[in-house]
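What follows is a set of structures for review.
Look for subunit A in each of the two complexes below; its partner is subunit B in the first and subunit C in the second.
Right, the complex of A and B next:
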């Protein structure tokens, strides 16, 4: 049964999957890692983005990833709005930790149930020219439906990295995560900076949702699988570290892919949560933590 | 209310339950009543950890399902009687609670919550791959003839009345003892409490174990109630959301809060399931939860307290 070909294929597929996982986790790295906002509803926004891609694809034949890009401004605004509510209700009163968590948990639940009310619990998928094609590199097959999301994920990671390190607003976001009072003394408004960053996080979520539905069909409850994954990745990578997020994503992608190939797909989900529990118990600061 | 007064009320509630069990009303009342009372147990048990100690547990389904699956394993192995199932279901879930109690040494706040959620998914994966208790296909229980009572519905209903009363009594006793005050202290500021000599670790272990125990107790009779148990409905996210929402709506600082929340929200859900649709009733739970956290963070009991203070 055991063959190196199978393992090589699983590793390559895992690396490609990792690039996509990075895309899903970037938003959490930004909101949870840097802003300390526990946006546990992040995966629900990913699914919302996936359904936006599905609707545009099935009714107008638009390319899912193009749709994802087109929808980012809308999701940016939604994210900014959600953060304003969160700030007004919890952060300003200094009760963000517990009740804020419950707020986002409720939000996740509402989005999930609303989607299943509107679109039912059938699996939804998209069609595009590159889905189903693949190239063969000496026995190792590379499926385009994995390759394209991986490349987009890498591009998103690079873009976020450049944004945080090179631009004024990006540096301000880093500043918010370090010292809010100092930032205020420098004449910047932390709430405004956080609103921008949170909006970006949700926009990244929606774009990664378009990648998700390119890879595999989606149901409203898919978000639950990703709660563990995204938090496993952000914790493992080290909170707020963009490079760490990418490395952790690839580790998780390869681990899941190997597990699915060697033991069967029903075990692969346990990998992410197992890694999360292990990371939390042994080294909560993560691989590249501060 | 003194302890004796509380006991009188408890016995009266159980008596009322038995009386209701004797009446020849529509059997659906017992089925619906069982679910509402089950939520009283779940919400109260969750609140011992979440409300008193301030550790938010997202893993309610794990404990509930562990109770249910312990029952199934014992039924499969020895055809154990119901009281044994309830006790063992509680003990196994209590052990898991003790385990997550040690987790609190390293994980505070948000990280604890995420870890409990992860725990629930890992446990579900294990159960799906464990064929002895039915695996992904599920387990069908053939109920033996009902002892003592008219029907299983009546028996289970009265059983849940008793379990709910016991759970609430225990929670109330904890709340009013030095343990409750210690938990409240560590909820407000764990480091300060530790410095003042509050044995925070032992109290946290106590809270997680008791909370886990009663969540398991709530799940243990579940196989008898549904007769068909499968992982995705037993590990349902609804349990996690309801366990949070009910105490939040009622108020988390007293034993009365979760009871009020469970009765109100549980009954509303039962009515909505029958009259509208089961999907829509979930949406209602979510919206009500978010509205309460944003607008009335102290819950209904907090609102009442505020109104009284305003008038006085």
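Right, the complex of A and C next:
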């Protein structure tokens, strides 16, 4: 069954999938990778973003990705609020490790149950002109349903990278991840910086949720499928490395796609996590970790 | 010592006398107003909740219907349900509580194969009569005589599941020769694919692709492309809702055009999925249990859907409810008919009655075979035809899901090949 045509298609499909994975993982890369906050509830915020896209799409016919963009300020505020509660209740008291984890687990279930109660448990999908269409470029088929999320994922990665490397607040976020005392000596408030960074991480969930519902149907419990994946990508890329997150996402996407096409899809996840283990054995800090 | 013995004896005699008097006045026997309790765990949250909630709603509708008519054996019916969270590990605890604390008279299973499996040992140990709701082949190993299952899989659940699909495929002219089998790495798809493999041999097809995929797969285009590369005449898919949607979309996107496409895709029966996929469904031949065709209008079904659809709108669950709800209703309907018929709440008597009789339900006539499955399979094969746009209303009437199999419920002819139905 091997053919170069199939390989080319699998690689392209993997890159498209990787772009989407990057979008979903960016928030975790920011909160877990840079801030050391084990926000296990991040995928639940992604699903919240997906439901926002669904509601606006089914009620007003709004494009899901446009909704994702429009809702980012609201998600930012939610994220900032969540971090303040987390900081006040756990981090300030030095109890963030296990109790903080339980806090985010609780948050995950609260979001899930709230969505179930409000919108029921039926599968939710969106409609958009690009869903269900594809183009053929020299024998390589590209589904718009995957192309659009990939492009948005790449744009999100680039925007976050530029923010972290070119702006004052971005550099402060990088600083807070390295040495909070030094940052304080520079006159910056680490808690405020972390609040901004956490808010941005959750704001990213608004967009990535919109991308998710563009690709596949969503129910409140869909978040559980992504917990392992996003943390694996963040660790593989190297904690705190935005570029690393993108590279790790694409590696996992391409590995899944190649396995599914050439050897059988049942091995795809096992191979992806095998790559993670192998990479960590060679580079314990991840591909781009310091 | 002697005096103490005398006092103890008197106390015992007194206690027995009081018990007899109270028993005679009915204090210890069930009063007419005491409800008959039916208990169950149901997936109200978690992965199967999209089906679990409508199933419980259907059971509640049955309870209300029965109570309006005076209950069972002159007693009202009460349903006690707990959320099993789609987690099999919660099932033993839930049913122990139902039996030990809530003192239910009968239990009904939760929804689906995975949630029925942990209930089987409990039911067998306590010799319970158990109504199963849409489990595939749960009793094949246990052979427990008091288990009855409402999904119309038939006496050989694995093979009967897809028999119609293969019979239809074998009848086409020219007869398709090659087949691709693909399914999720999960309980139901594994059973369905195992049955399909047997049918491939029976009907003389040649398998050119036989693979499974993890249920958490996000992108199905590589799978669709790999299947397209081997160019099968028939593609049989056994999948759960998210993967069913993924496979249908991926097939459309990569141009996978076998002569027959479908088989065992769960989810295509759900209203939101049908509405979302719209014309992409055209030509797909898939299993189903009920369709709004003239051949499927059994007594009571219209009234049931009128009530269900009213409640479903408020609860945010499957708005049409053609797939699971009428069968969940029928499961408890049969239990109720058996309690009335046997005039008993005894587990064994009720089980014996269910085994010996045929029941007229809202999903038609049901008789159970030796293994507790329907004595005769009635898994439908339907073909989506003439679906236009994404309006839900089009699925309310006949003609969009044409019943092809079995012959006695057939409501139209198959459009062959798959591509012809998509024009």
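Quick note on the criterion: the second predicted complex is superposed on the first by the 257 of 290 C-alpha atoms of A that agree within 3 Å, B and C clash if a C-alpha of one lies under 4 Å from a C-alpha of the other, contacts with A are read in each partner's own complex, and residues count from 1 in each chain.
Operating definition for what follows: a contact is a pair of C-beta atoms (placed from the backbone, for glycine too) under 8 Å apart; a residue touches a chain by one contact, two chains touch by 3 or more.
Note that the structure is a prediction, hence the values are computed from the model and not measured.
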| item | value |
| --- | --- |
| Partner chain(s) touched by A:266 [first = subunit B, second = subunit C, both, neither] | both |
| Subunit B versus subunit C as contact partner of A:9, first or second or both or neither | second |
| Partner chain in contact with A:73 - subunit B first, subunit C second, else both or neither | neither |
| Touched partner set for A:143, first subunit B, second subunit C, both or neither | second |
| Which of subunit B and subunit C A:123 touches, first, second, both or neither | second |
| Which of subunit B and subunit C A:277 touches, first, second, both or neither | first |
| Subunit B versus subunit C as contact partner of A:243, first or second or both or neither | neither |
| Contact breadth on subunit A, by residue count: subunit C or subunit B | C |
| Touched partner set for A:61, first subunit B, second subunit C, both or neither | neither |
| Subunit C-contacting residues of subunit A that also contact subunit B | 113, 116, 221, 224-225, 266, 269 |
| Contacting residues of subunit A [partner subunit B, same complex] | 38, 40, 85, 89, 95, 97-99, 101-103, 105-107, 109-110, 113-114, 116-117, 221, 224-225, 227-228, 231-232, 235, 266-267, 269-270, 273-274, 276-277, 280-281, 284 |
| Contacting residues of subunit C [partner subunit A, same complex] | 44-47, 49-50, 52-53, 86, 185, 211-214, 216-219, 221-223, 225-226, 229-230, 241-242, 245-246, 249-250, 252-255, 267, 270-273, 276, 280, 315-318, 390 |
| Partner subunit A, residues of subunit B touching it in the complex | 54, 56, 58, 103, 106-107, 109-111, 113-115, 117-119, 121-122, 125-126, 128-129, 136, 237, 240-241, 244-245, 248, 279-280, 282-283, 285-287, 289-290, 293-294, 297 |
| Subunit A residues touching subunit C - in the complex, by the definition given at the top | 1, 3, 6, 9-10, 13-14, 16-17, 20, 112-113, 116, 118-125, 127, 131-134, 141, 143, 145-146, 215-217, 219-222, 224-225, 229, 253, 256-258, 260-262, 264-266, 268-269 |
